[in-house]
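Got a structure for you, written out below as structure tokens; questions coming shortly.
Which chain is which? They are A, B, C and D, in the order written, and residues in each are numbered from 1.
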Amino acid sequence: MKERVFTANLALPDSGLVKLTWGNVSEIDRDAGVIVIKPSGIPYSKMKICDMVVTNLNGDLLEAGLKPSSDLATHIELYKAFKEINSVVHTHSKHAVMWAQSGREIPAYGTTHADTFYGGIPCTRQLTSEEVTSAYELETGKVIIETFKEKSIDPLAVPGVLVYGHGPFTWGETPQKAVENSVVLDEVAEMACMTEMVNKTVQPIPQYLLDKHYFRKHGISAYYGQV
Amino acid sequence: MKERVFTANLALPDSGLVKLTWGNVSEIDRDAGVIVIKPSGIPYSKMKICDMVVTNLNGDLLEAGLKPSSDLATHIELYKAFKEINSVVHTHSKHAVMWAQSGREIPAYGTTHADTFYGGIPCTRQLTSEEVTSAYELETGKVIIETFKEKSIDPLAVPGVLVYGHGPFTWGETPQKAVENSVVLDEVAEMACMTEMVNKTVQPIPQYLLDKHYFRKHGISAYYGQV
Amino acid sequence: MKERVFTANLALPDSGLVKLTWGNVSEIDRDAGVIVIKPSGIPYSKMKICDMVVTNLNGDLLEAGLKPSSDLATHIELYKAFKEINSVVHTHSKHAVMWAQSGREIPAYGTTHADTFYGGIPCTRQLTSEEVTSAYELETGKVIIETFKEKSIDPLAVPGVLVYGHGPFTWGETPQKAVENSVVLDEVAEMACMTEMVNKTVQPIPQYLLDKHYFRKHGISAYYGQV
Amino acid sequence: MKERVFTANLALPDSGLVKLTWGNVSEIDRDAGVIVIKPSGIPYSKMKICDMVVTNLNGDLLEAGLKPSSDLATHIELYKAFKEINSVVHTHSKHAVMWAQSGREIPAYGTTHADTFYGGIPCTRQLTSEEVTSAYELETGKVIIETFKEKSIDPLAVPGVLVYGHGPFTWGETPQKAVENSVVLDEVAEMACMTEMVNKTVQPIPQYLLDKHYFRKHGISAYYGQV
């Protein structure tokens, strides 16, 4: 499990999603009640498998070692609320950040988006001063969950979010899938921005095309890929 | 032939045109009535020559093996309608997708465009709900053909198209040529977008310059390259 | 010390911040009164450790050897005015230059910015004709210092600046840190530009979020990274 | 000389300036009356030193071998008119093309530009139908020369140009210098475009700053670099 988390963390700089130490991947073993996450502030080039930090769902260290990513509390909130996910990824990938800083949802402008995200990728509201100064990382998790509840979005159908003024979080059944969702999120973020440059009145694709592409790849009627 | 298709498929991620599993190349042997195409949903890094899928023009598998790309039906439609082409490429390359999502034809703003595409690169109309829910990939092929017929465009002179809300397809006499056309399409898509940023009232190049550059490289008066 | 400066200089092209010979890193040993800086106009690929130039705080060569970077006088001014910094970096990285050419401060649009820069990254005024024709590089240093004084900005809290019509300078306690600040400056410069494209009325993040992110990483209450 | 031209040609794809076969470098030996230029349409990856084509100033082949670049006639015109240059480079680098397609001069928005180009980089007028259909490549050279004459620009002080609707040509005393000028041209083209995005009313830098930076690197008062 440490190796899987380590590999997924290294995939972030390799895919161009993170610079310096900006980003982290965690995985949960729900049966064992154990989370493995990247240590805080360690450069990717120097990170070793054994540096991965092991905690329980309260964020307590289960092994002597490095401090976990400062975003751990956000990951834990997401694991508690979204029962089917087993991995969470956070990056500052530039195109996703651009939308987060704009405070805008990324509209589903095409099938590249629809293949992975069943609808717009939401942006949370701004955190309040109280939320930021009390338990910032915990509240970041809460505002994500609030966003999905208020908009009645299924976190499996839209496996990512933009935190206002901050950046993206994505998730998935496995670390590899969660990282892939970060790759797609950044790609569709860039495409959406450029689409608006070329056509200032562009509209999201129709629901039937969104349905077609999403369900071509997901659910019981999926026929994309090998069985 | 499998090797040629395999090599052309690998050229897609190598040239930066595709991420993850987004993209596929096929080739047809018209005499043998055989199509070779990328398998569906296989990562490029793990794909082997023997994974290439062999079908007939009805899309029936001619060998036991993997499932073909889900876009096979689109490729087949194009082979049936455009008799002189022997290879079809589909990607989600970001600048071509940006124009496809915008629903706009890419105007011929310069000679880089004219060297490969004899005029604007058209964008299809939006598919209807009926077309999407019945035989989506087949209808995608049909709407491409419809676009070329309605605008009286020769598919050899303009070897590529944008499918509305989706992305580009290109083609050519060989897989290598079809992939090159995808490279050029994405490049001129990016250039065209930036050109409109720098000059908001830019017009396509005059017909005589389009003629000059296109026919410098194509047809019986061509004098570019070695004989 | 030469090796550290050499390594930091090489990090500039490696991180994509400089092309050709555009950029330089220096370090000061305040006790010894010695500055080590890149030689002027030497290609990075041919530069050797022993090419690093050693001067005193008047810019006099302390060893026979190559001429120092023409920007040395700017570095010296900064070392004299900003007592806690030990390294200065200058680049022409494209996104920072874009803002410098625009004559605009980079607003703090998000937490990626706030993690390193505690507020907007200022842009100096235009140098006058007299300043440019008399002692250009010295005056460049002076206008940076003037900018920080007039706006009451702490150079440790905002470890970088844009020189109007020219480009960025950053600094730090070590060459590695100063180079990192150049990396972050260019990244947030690009993000800020794109953010304005996606949301034309975007505002900087609230002060409490700026406080939270900056002090999460800096000062006595910092809890990011390992102790 | 063949090796120098070969190396300079290879530098084009290596520096990201050309894709496929788009681009060419030539060098002239004025005493011998000999030009060496890239062959037409040969992929860079397969090109060998011995493939370089040798012609006289009428464009006649002096050795049996491959056909020269179709742009040879443009190069020859430039060599005849601009007596101090010994190398010409043509690319379709994307940011320079973007400005050429826009039909706009690249304004000198900063010192990165001023270090190499002493003023705006001009764009030619559109070629007429007669010019394009008669002797296109020759007329391309003529319209460049006309542009420099009409605007009274010294081709050594502004070692590059945009051909309307086409792309950039640069030149220099050596192939290496001419290629460097292509690198700088594309970089400042990108910076200028982004500068206008961030500040829609940006003005070129004042003449005194242009003077300072240009003459810091060029002419008898230059003090940049080693002697």
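Following the convention adopted for this analysis, a residue touches a chain if its C-beta (ideal position, glycine included) is under 8 Å from a C-beta of that chain, and two chains touch if they have at least 3 such contacts.
According to UniProt, the chain labels map to these proteins: A, B, C, D = L-ribulose-5-phosphate 4-epimerase.
Predicted, not measured: the structure shown is a model, and the values here were computed from it.
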Relative to chain C, chain with the most remote C-alpha centre: B
Centroid spacing, where centroids are CA-atom means, of chain B and chain D in whole angstrom: 32
Per-residue overlap in chain A, given as positions that touch at least 2 other chains: 197
Category of the chain touch graph - line, ring, star, complete, other: ring
Touching residues on chain C, where the partner in the complex is chain A: 109-112, 115, 180, 183-184, 187, 190-192, 194-195, 197-199, 202, 205-206, 208-209, 212, 216, 223-227
Complex interface listing, chain B residues touching chain A: 19-22, 39-42, 66-67, 70, 92, 94-95, 97-104, 126-127, 129, 132-133, 136, 165-167, 193, 196-197
